[in-house]
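You will see two complexes here that share subunit A, one where it goes with subunit B and one where it goes with subunit C.
On to the complex of A and B.
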């Protein structure tokens, strides 16, 4: 098995991201948690760059590591949050959480590795549709299975948006402002509602 | 090159870590950070699928736009949630989730 340099970079970045996520869960001081979360988001942004989604990676850094993290740190320092003290009987809490999360991770891993096309280099969606057609679950309308690339089990296809004469961000923007323009406008209203709600919640209540 | 399943496993493990933190921790600020971790894990899976479904060297941009929308909604959620936490701190003088027992008592 030959490991490409991009695969090695991905594994290193994924291990670093998971380690810093463990830091978010395990560290006692909330400020350390917030900084560990920033580190994790930085590594995830690097993974996004490696997957060819450069605009998403930039947005991840700007929104999460920039805005959200600063907001978190601001609130932590404004409220002067102390370190968590271990409470008696919290071991069972920890054990329950770790066991549940471990079971969920196991479900994810086995489900991903046992997908019908995960080993043969075939698309699991297509395999599923073929098997459904064989079982014939009372679905009379025979729809032809959609043509999907057989890339789920094998290596991902190489990306080259420049072949189509434009870059990643340009293609994304064209999609955003043509197919999703109404959604984009609604999103603006959602952000406005969030800002108004934050101001309304943060106001001091006068009870007289 | 890395197959899609490894991206999905990474995303699933990151999501499980976020879930573990949301269960274990009692500081509501840290629970909120773990929620952000879970959202990011979902974003990783979406970007992986967009890459795997792509044809002719162009990924499916619908999934990446969904990631952008998730990020924007997460930013709004953080603003409202932190305002709620500040309001809770004013009312209870603390941000421990164990102090929210008024429905139990």
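On to the complex of A and C.
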């Protein structure tokens, strides 16, 4: 079995990410849970880096690890949450949880296994990573015929530090602001509505 | 000898080994420069503070000459012997000048030894970990403060590239295409250190300091990210090396005086870029937790802030982390707005024509000079402005900077639309 170094790195990082994700649920101290989650985000970002999607990886760190999770931590500390109380849950509670988790896992597994090219333990996104550099961005020659579904899969792509281009950020930006611009704007408004709702809830009511 | 040489050449010819070896060399260089600059900026801080407050500052920590005695120097005053050797009269002008410079007692270092001695003192002090702290996080916090700035330095270019006959070397540890984002992301992680230090100390004032630090850090990170967008729009790339190359070819961001920089469109864009510079520099001050924004460690209401309970080397880690953040912040300002390594006025291209290694050397020195100048500016502001109030700091960020940054982005977009 010949494993490329990038494949080894991928598996190590994925295992670490899974372990720290388990830590989020299993650890008792809320602050440890939050830090475990930060670690998990870091490993996921590292996997993105390994696949050449450096922009998504760095966005993961800036937004999730750098801002969202710090706010979590901030609130946990402000409220000074002590040890989590052991849940004296009923059986129904457990059974519902297991069923929900099983369904979610089923969705993910089916979606992953149905991807074209995901046969025989091969990486289904290889074709994306390899074509990232060659896609003619901005030029009108986007009509290159897509690779046939059979050739989508392959071994994990090799790491090539000099080759990872800005095409990642550029590709994402061009897709987001052309194909998906309306979706993007609608999502922005949804977030704005959320923020306004939070302000409305958090506002002190003046009684007089 | 011959075989060793050919073996070295073979190793270097392998692109992977070439990449590894050059990267390791650059890594060591950058790490050494940053640590040296941390010490140097502490010295600059104290000397400039002394100068501004009309007192000498630390100017005396020279190497005393009695240290030479174990090495066989029998003379009590080597200076008089030296003067005799050159035939100078013992009470002439030269001798008096030497005595005024204290050359008869010590080898002068202009106080540069002071930070080293302080470091030694902190290293030798007793380490006290209070009983009531949360130990693991208490130990982890200083590491989380000192680590991120050192990692963030990886993308800052310190010279242009060199073409050797084994391959191209870009003078920047990791020539990532997401340069500024990498710096923001990684240096943003040091907020964990401040928060955890405040919380794990398990006492009132550190906790308040930690909360303040967190709130301030997150707020100013938003403003900082928004404030550089006009610059990225103008240059159209996220690669710091390319941004600096652009500035070398067509004028620094704040000094477009050569190349295409003389054109009208570039000078119209000067207004949003200047606003962007002011905002970015202010945010860097806030991110580095420096006066006038050092709310997290403001002695008058918080004792020492988040590091109140720390002693010895753990305290020194916080201290070094703060100065490392200041050095990296200055490096970012220099890279984005003041031309990075470029010497300017087309000298870079001329030097590169002569010899690429010479050009790289000159650019490296130029970069260090600019860095020192901006660190001086940092210190100057600290000892000139009084500390803000907490609500003023927050208002400045959320009510002024973020709005101004968004307006600035729109302004740049409009100008770029009409210019092109």
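Here, the second predicted complex is superposed on the first by the 124 of 208 C-alpha atoms of A that agree within 3 Å, B and C clash if a C-alpha of one lies under 4 Å from a C-alpha of the other, contacts with A are read in each partner's own complex, and residues count from 1 in each chain.
To be clear about the criterion, contacts are C-beta pairs under 8 Å (C-beta built on N, C-alpha and C of every residue); 3 or more make two chains touch, one makes a residue touch a chain.
Just so we're clear, the structure is a prediction, and the values are computed from it rather than from any experiment.
Of the two partner chains placed by the overlay, only subunit C lies in contact with A:77; subunit B stays clear of it.
Between subunit B and subunit C, it is B that contacts the larger number of residues in subunit A. Legend: residue contacts after superposition of the two complexes on their common chain; A:31 is shown touching subunit C, with no touch to subunit B.
Contacts of A:64 after superposition: subunit B is touched, whereas subunit C is not reached. Once the two complexes are laid over each other on the shared chain, residue contacts for A:12 go to neither subunit B nor subunit C.
In the superposition on chain A, A:55 makes contact with both subunit B and subunit C.
Of the two partner chains placed by the overlay, only subunit B lies in contact with A:113; subunit C stays clear of it.
In the superposed model, A:172 makes contact with subunit B only, not with subunit C. Across the superposed pair, subunit B and subunit C both touch subunit A at residues 55, 59, 67, 71, 78, 161, 164. On subunit C, the positions that touch subunit A within their shared complex are 19, 137, 174-178, 181-182, 184-186, 188-189, 191-192, 195-196, 198-199, 207, 210-211, 214-215, 217-218, 221, 225, 237-239.
Residues of subunit A that touch subunit B in their complex: 4, 6-7, 10-11, 14, 17-18, 21-22, 24-25, 30, 33-34, 37, 40-41, 44, 47-48, 51-53, 55-56, 59-60, 63-64, 67-68, 71-72, 75-76, 78-79, 81, 84, 87, 90, 93-94, 96-98, 100-102, 104-105, 108-109, 112-113, 115, 118, 148-149, 151-161, 163-164, 171-172, 175-176, 179-180, 183, 187, 190-191, 193-195, 197-199, 201-202. Residues of subunit A touching subunit C in their complex: 31, 35, 38, 54-55, 58-59, 61-62, 65-67, 70-71, 73-74, 77-78, 161-162, 164-166, 168-169. Residue ranges on subunit B touching subunit A, taken from their complex, read 1-21, 23-27, 29-30, 32-34, 36-37, 40, 43-44, 47-48, 50-59, 61-62, 64-65, 67-69, 71-80, 82-87, 89, 95, 98.
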